[in-house]
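Input: structures, listed below.
Shared between the two complexes below is chain A, which pairs with chain B and chain C, respectively.
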Partner chain A sequence: MNGRALQWTALGAVLLFLLGPFVIILAAGVSDGETLTFPPEGVSLRWAASVVAIAELRHAFAISFALAVLSTLGALLLGIPAAYALERLDPPGANIVRAVVTSPLVVPGIVVGLALLRYFVIPLGIGVRPALLASHIALLIPYAVRVVAASLRNLRVDIEDAAIMLGATPLQAFFQIVAPNIRNGVIASFILSFITSFNQVPVSLFLSGPGISTLPIEMLARIDFTYDPSIAALSAMLALLSIAIVFLAERLLGLSRYV
Partner chain B sequence: MSDAFLRLHDVTLRYGRTIAVEKLNLAVSAGEFVALLGPSGCGKTTTMRAIAGLLKPSAGRIVIDGADVTRVAPNKRDVGLMFQSYALFPHLTVFENVAFGLRLRKLPDADIKTRAIQALASVGLAGTEEKLPKELSGGQQQRVALARAIVVRPRLLLLDEPLSNLDARLRLEMRSEITRLQRELNLPMIYVTHDQVEALALADRIIVMRAGRIEQDGTPEVIYAKPRNEFVARFVGFETILTAARLAAHARLPGPAYAFGWRPRHVVVGTGPYQGHVRGASYLGETVEYLIESEFGPIKAEVAADAPRHGPGQAVAFDLPFARAAPLAADLPA
Partner chain C sequence: MNARTRGLLLLTPATLFVFVAFLVPLAILLAGSFQRDDGAIGLQRYVEFFADPLHQEVVLRTLRIGALVTLAAIALGYVAALAIVDLSPTSRARLVGLVTLPIMISPVARTYAWIVLLGRTGLVNNLALQFGLTDAPLRFLYTEPAVFVGLLQLLLPLMILSLVSALENVPRDAVPAARMLGANWWVVFTRVLLPLTRDGLATGGVLVFTGAITAYITPAMLGGAKILMLETLLYQRVNVTDDIATATVITALLVSMSILAKLVLSRLAKGRSK
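What follows is the complex of A and B.
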């Protein structure tokens, strides 16, 4: 095999692993059959329609969606100033903060969920909704801080100082000069955060309560006793939604110059 | 100089525990073009940032136009700063880069347009208004940075090694551009450089810095011909520097000095009381440069190319004439 064929093979393998599961789920989800099968038996949207008709799933979706939006906004609201302070102001203990910000990826989510429940939610008597929101914000802050910090690092400090020397206040320099230049980082961390929150299982598992369950948790519960293609149909819809969000976020944030 | 426009009184600047600049005193009068000359790391940028207000002195006072600005925020000082990196706003067009400071001053749109376009024209960039900085060459970006700094009419302009990223030809071109603008605007300027040729060509006055302190402050003529001590002498091209103690054994000294220094073209080759061996000879066109091994150590000499030539390994007589030597004081301890 020559070099070029090898490259194509490698590329094909990567695409297969990346897109394969999506294609299979999509196909299984639009199956007309009674059980989860691949290749699908006929094409129909009836399983998709069936999951939309289930009130618990709609409710869980609404919770997951609201949770993802709010926790992403919360994480950006806290994470952007934190990233700025970390990169520009060189506060004492910056290295410790950097270490903490990277740690949630190292500690398994299941441990974080349990710890939050055992030492935070139960002792303090915090409601299920605030606990879910707080825990998701905590989970997402590291993404926001790290991605935004990386874009700040690519933007020379001189550029901000130049704005200040032309008469800008530090806030004007931030919103007119820094913000437009870290926009892509902010969009990236918005998308990453939203999808992470939306798909989050381990932490949510511990913090869901009666009547308040996120969509992935609700789906996990249903997989145990349904064998029809409805969950596949739902998964396919969620995958399409993720793609839509990526485009939408780019459009919305891309059009407004300021974050 | 009590009529100085800018004055630094015993300014000390630190980064954490390290002292970058210590008890610096400096004065610039209205309309004056001063060069801050010194090797990399001597504190030139640090000094500029302090004058700009981007760095707070840990001691001392900075006075501009009679007012103490030591505690005044950088955006309130009305001082222009041109960065070594140009620091153009990457997301804004050339026009918007130049208009930025004018927009902050809330001028009417028509005025902003007139002034920005005129400033761009004055640095030879008419027609580039709608381009993004990354679409321009290094020299053009440099001019945008200059236009952006002068368009807001600061009362003092600081330039931090503005030409160090340009090639030799562009450097010459920009040098005359900067001189012309300075004369036209009658704007006091401080120009930071580590290149003595640039400082000599541009400035009314040169301040030589070393390790956070001023070594000498004088006109280009004085700095060039009468460096005060060994450090300044070496920095402006005196290659042969011998202490009086060393020379006393061989010659009658013309007067008291710690040391004497000669430029390569001050050294006489072919005749003289001293003997040496040619270690190397490089033909430079107009002149030939010799490296002569002698009892004083290696001596660099530069003589007219039409004088009798000496090949490597040859014994040669030479002279270090005191008539052309610069008497030097001892260096301050670094």
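What follows is the complex of A and C.
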């Protein structure tokens, strides 16, 4: 075998290792059998239907969805002004601020959850829902700042200066000139943040209580006593949902540039 | 109002938020690791933590799995990234998309695939039974290799993406030039490609190593209570025995290991500019 062929075989093997598990999840999820086996016994969507029928899972899905949307909006609301200030206004202490707002990226999630539970939720008497939201916003701010800052860097400063010279206020210049130009970056950041929050487990572990559980945590809790293909069906549905979102985003904006 | 004041005003909400809802609670938790039972400052909690053989085992296992996953990701990452940058720009973008895809999918769903594969009635056991390699189903789940494979699959895309962007910056004729001058593939790799892609290797290395040592989902699902890593140990200690003393020490270990890995590897990346 020559070098080229060897190289392609190796790449194929790596891709199989990365993507093969999804094929397996998909196949196991549409199995008609009573127990989780691979290869699956027959084809049916009854396990997917059974998952949707479980009220706790529907509830957890609703919580995860609302949490992902709200925390993404919160992170963008806080992150866009910060990114703009860091890129354009040369504020004092910019490096320290940059380190502070990106620090949630380097701290293990489970530690974040525990620290917030002990020294934010309990002493301040905050409910589990707002605490969960606060933890996810803190987690997502670095993504919002990073992606929006990257889009701002690609936008020439002088078109904004021109607007101001022509009589626009800084606020008008931002909303009429800058905002339309960084729109794709903001949308990309929205999608990345939504997916990050929706899939997040360690941060939420200590911050979920009775009746307030996110979908991935509810799944984790059920794995230990589920022997039928229902969790596989749910995993397959989640994977397909993510693939659809990523595919659309890639088509519309070229998402992979921002990862 | 001048630009600097406006900048400060725009930065304040985000900074304040991260401070109150993240840094301060974290700092209190970290400071707790240096508190003795009598309230004074000291290393008692660390001494007690490391006196427990189980804790030693978990720390060593976490470091071992982190190192092995990183080494395997480097090897497979170069193989994949070298093949990907060899492609035409269109297929290159398509493959980068395929590699990015798993990052977007729920880690719980991704890890569950390994339960389907490696479980008692999973594919591997079914094949082994069919071909008479074994008489009874083998146990793969809740072993260290299972955790290793799960983490590698989870984190490998990050290494591939870092190496692809590093290799894209290598001058196109560097490799043919070295080959023409008589270098074999090993020499080309160690003397040309490796030094030129050091940055990407360091970035990928930090992401994979810290991702592996701070993983929760994979060791929880594929390692269970038998193969504890630092995060699953922390969860168990807090949730089962409400042992905050141990949790503060684990927090300090995880945070310092992540920061140390980042410092060491970015040092290595900058080494060539000397």
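By definition in this document, the second predicted complex is superposed on the first by the 225 of 259 C-alpha atoms of A that agree within 3 Å, B and C clash if a C-alpha of one lies under 4 Å from a C-alpha of the other, contacts with A are read in each partner's own complex, and residues count from 1 in each chain.
Methods note: a contact is a pair of C-beta atoms (placed from the backbone, for glycine too) under 8 Å apart; a residue touches a chain by one contact, two chains touch by 3 or more.
All values reported here derive from a predicted model rather than from experimental measurement.
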{"item": "Chain C versus chain B on the shared chain A, clash or fit after superposition", "value": "fit"}
{"item": "Partner chain(s) touched by A:61 [first = chain B, second = chain C, both, neither]", "value": "neither"}
{"item": "Touching partner for A:143 - first (chain B), second (chain C), both, neither", "value": "neither"}
{"item": "Angle at chain A between chain B and chain C, C-alpha centres, nearest 10 degrees", "value": "90"}
{"item": "Touching partner for A:190 - first (chain B), second (chain C), both, neither", "value": "neither"}
{"item": "A:180 touches, of chain B and chain C: first, second, both or neither?", "value": "first"}
{"item": "Which of chain B and chain C A:47 touches, first, second, both or neither", "value": "neither"}
{"item": "Of chain B and chain C, the chain that contacts the larger number of chain A residues", "value": "C"}
{"item": "Touching partner for A:164 - first (chain B), second (chain C), both, neither", "value": "first"}
{"item": "Superposed arrangement (fit on chain A Cα atoms) - minimum chain B/chain C Cα distance in Å", "value": "8"}
{"item": "Chain C-touching residues of chain A, taken from the complex the two chains share", "value": "3, 7-8, 10-11, 14-15, 17-19, 21-22, 24-25, 28, 35-39, 78-79, 81-82, 84-86, 88-92, 94, 97, 100-101, 103-104, 106-112, 114-116, 118-120, 134-135, 137-138, 141, 145, 170, 195, 198-199, 201-202, 205-206, 216, 219-220, 223, 231-232, 234-236, 238-239, 242-243, 245-246, 250, 255-256, 259"}
{"item": "In the complex, chain B residues that touch chain A", "value": "52, 54, 74-75, 79-81, 83, 85, 87-91, 100-101, 104-105, 148-149, 152"}
{"item": "Chain B-facing residues of chain A, complex", "value": "156, 158-159, 161-169, 172, 176-177, 180-181"}
{"item": "Complex interface listing, chain C residues touching chain A", "value": "3-4, 6-8, 10-11, 13-15, 17-26, 28-29, 76, 79-80, 82-84, 86, 93, 95-110, 112-117, 119, 121-123, 126, 153, 156-157, 160-161, 185, 210, 214, 216-217, 220-221, 231, 234-235, 238, 244, 247, 251, 254-255, 258-259, 262"}
